[in-house]
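To keep things simple, chains are lettered A, B, C and D as they appear, and every chain counts its residues starting from 1.
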Amino acid sequence: MSSKLFAIVAGAGTGTGRAVALRFAKAYPVVLMARRTESYHDTVSEITQAGGRAVGVSADVTDSKSLVSAFDAIKKELPDFKLAAAVYNVSSGYTIKPFLELRPEDLNDSLAGSARGLFNFAQNTIPLLLDAVPESEHSPTLLVTGATASVRGSAKFGTLAAGMFARRALAQSLAREFHPQGVHVAHSIIDGIIDVPRAQAYAANGGVEDGKLKPEAIAESYWHLHTQPRSAFTQELDLRPFVEKF
Amino acid sequence: MSSKLFAIVAGAGTGTGRAVALRFAKAYPVVLMARRTESYHDTVSEITQAGGRAVGVSADVTDSKSLVSAFDAIKKELPDFKLAAAVYNVSSGYTIKPFLELRPEDLNDSLAGSARGLFNFAQNTIPLLLDAVPESEHSPTLLVTGATASVRGSAKFGTLAAGMFARRALAQSLAREFHPQGVHVAHSIIDGIIDVPRAQAYAANGGVEDGKLKPEAIAESYWHLHTQPRSAFTQELDLRPFVEKF
Amino acid sequence: MSSKLFAIVAGAGTGTGRAVALRFAKAYPVVLMARRTESYHDTVSEITQAGGRAVGVSADVTDSKSLVSAFDAIKKELPDFKLAAAVYNVSSGYTIKPFLELRPEDLNDSLAGSARGLFNFAQNTIPLLLDAVPESEHSPTLLVTGATASVRGSAKFGTLAAGMFARRALAQSLAREFHPQGVHVAHSIIDGIIDVPRAQAYAANGGVEDGKLKPEAIAESYWHLHTQPRSAFTQELDLRPFVEKF
Amino acid sequence: MSSKLFAIVAGAGTGTGRAVALRFAKAYPVVLMARRTESYHDTVSEITQAGGRAVGVSADVTDSKSLVSAFDAIKKELPDFKLAAAVYNVSSGYTIKPFLELRPEDLNDSLAGSARGLFNFAQNTIPLLLDAVPESEHSPTLLVTGATASVRGSAKFGTLAAGMFARRALAQSLAREFHPQGVHVAHSIIDGIIDVPRAQAYAANGGVEDGKLKPEAIAESYWHLHTQPRSAFTQELDLRPFVEKF
């Protein structure tokens, strides 16, 4: 475990967020952030019991003031620690419906979770990541979770796609601005159903084994992205089950 | 002039909006929509004096209620007219700045003009366009203006790109949902400086002649998109000056 | 009809090539080029009978020497004429098969028709197009026909995609080199089945009316591309039937 | 070291090929393939002296017969071994020149090394990779090296781009056909100058440290791709120095 470095995962629920927190906890104390305590409570315990260090923080990333308070609390909890990795894995609320049945709130919800949340999260984490550049073994990294809807506006997925396209735009722009300063920003297009408890009823790809993305596999790729030296940064990769049509 | 059909241009200012209004006015009565009367006043006069019909309507596309009122007013002004073409050409406010100097409002402004405005405009126009399918000579068309930032998140252009990526996502999703119903949705990537009065001081491409996009040229391509028969719809094209680097 | 300007269509068969030749023949004498006389014979007659001027030339575009001879013949046939538009519409031979059943010749055939043919055609036409820049009303134009496989390597379509990706790469590179010199190079992604006699048995999109691309509609968009002024060139657009999934 | 599994690297020169061979040699015996013995001789020694197993094979991947002979020789050298990973890292010959100065051979050279070579290599390796699916710890993998020119046809880079676009098309098509059969096919866009001896004089990115891609860093990402479980395959990623403009 590197001393004096920590990681933070926003959107630390049962799937990718949990797996990424567990993976990064092998190397760093990890802050798990979610709106509700229930989302991260069990994972915090799991990490702690395994001998790692985990801190849960409740915050609403779409609310810039809530986020500033959360980062103040984190600073008190981990004084002198620098930020090695920040993962933005927040799911936006979204509604899949014929366009003419959507309400303006449906678009707002998607934009809030997908774009405004990342904006706020990046404004709070990038100064910390920059500050860690001289000391972090691996380039300080901002990892952003995307989806099929990040690159494709399907029928009836317009509001989801609007948010996810916007999220990808921000990640790309941040990469272009901060890569030269040593902070690595990568965006992953998760193209398929993630194998989480609440997706159990959904037999993706005909129910074939490994037809859904294992959160642990995603986490391993996130860890790889974090460890890439600055001479060879990946800005974007896709991840999908072997049987996924694309 | 086709009788009983009209066109509407949202974002009818001095550049593309004005030129598109003038072009479509050769075929249809045209509604010019902008936040402020000054934006469309002169173009309405120009069309009227040339023997065409133009109606100016003040509305804020980012406010769904303002837009509903505006469309009520349009219905009274043009009863029995069906909508042949709707052009979304609204510029979002945006700020080009280092990311850490941006405020949350900068993102909100961009998302409002680029995505929420299109969402509202489409919710009001698509029912009218669908209604015109049986009678319109050309497939009823929703034309959406994009920019370089629609497909590229450059450093310091993050908030602009977030909005424009989101706008493109919506246009793509609408195309996939409404093309099969006979409404054509096309997105144009305007990749360069437009030759408008306020850009006069900016010598794009070394000041070479035609180094900026002529609004009339853009308008001609918009008209072409409108006239494409449904057996061969374009969903996206780019437009740039011959000397533009890309 | 512009005097002293002509157009040439390579791949002038029954579908897009014929329709483009007919469309451009309204403005220019047209040279129709194909490997076999039968391919262009009827279209040449059709244009001539309608009062236009058409010249048929047999050549194999994949053979650079054959093409040089053909252009010598064209020069004799149309002395003092300058080239306003050149259309590369040649279909490559291709085989759709499981990859392990393909032979090296299958790849070669695709690369020859898709990439080598365009390379040869561009080497012969670009000097003529450059020469016409000062006199042509519309910017001299090289139009290149692409397909779904130009941007997507589907399973079992590998050799077709290899050729069409390569064709698109050449078109893009030529655009970047020659746009600043006044020659317009545009690539069209034809995404769907074209409504030609030999596709009659194939009920694309459930046999719905206009479920295939009408060659005349494609030709009209090609003509529009040709007439774009240099302040607003399109480098790429897509064309597909309204009911096509994408 | 996994017993009874081996890896092969085509294009095993001084840069990426050497580094990938060294990385994979930590886990597997490695076959190094190049046209000339000099290309792989030192790396074979280096691996052997470090206690690994390496076999050098001279072959011309652009010649399907030469490749069949080479694979016969490999089979004799490593009987009972199955293929865990195949890396296609062959550089095509290419010429950067104004288009009108290029000769047909320039295009042919690029297509041969970039597309035909991969075609031949895949036809020989995919049956072996499929055969290893039941036994390999990691999904058998075909890794393909791309470049900036794989996704961008720059002025004067037309023939290079034609070949690299075609290579990417083949890799994509192979992924879509063979992923569901358990063979992982990934394409890496190497966007920058690789830090090899022959590039020493070229001060990429102003000569800044890590301004060129370290071959070892590329190799580490290739290894990561190889180890991805089939529930989360990456088909494409980019790799570039932190200071590279993109």
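Criterion: a residue touches a chain if its C-beta (ideal position, glycine included) is under 8 Å from a C-beta of that chain, and two chains touch if they have at least 3 such contacts.
Just so we're clear, the structure is a prediction, and the values are computed from it rather than from any experiment.
Our note on geometry: chain A versus chain D, Cα centroid distance of 31 Å, whole angstroms.
Centroids of chain A and chain B (each the mean of its C-alpha atoms) stand 34 Å apart.
Centre to centre, using the average C-alpha position, chain B and chain D are separated by 46 Å. Multi-chain contact residues, meaning those touching two or more other chains, occur in chain C at positions 176.
In terms of which chains touch, the assembly is arranged as a closed ring, every chain touching its two neighbours and no others. Contact between chains, using the touch rule, shows up for A-B, A-D, B-C, C-D. The touching residues of chain C, counted against chain B in their complex, run 139, 176, 179-180, 182, 184, 195, 210-214, 217-218, 220-221, 224, 227-244, 246. Taken together, the chain B residues at the contact with chain A in this complex read 64, 98-100, 102, 104, 107-108, 111, 115-116, 119-120, 122-123, 126-127, 149, 152-159, 161-178.
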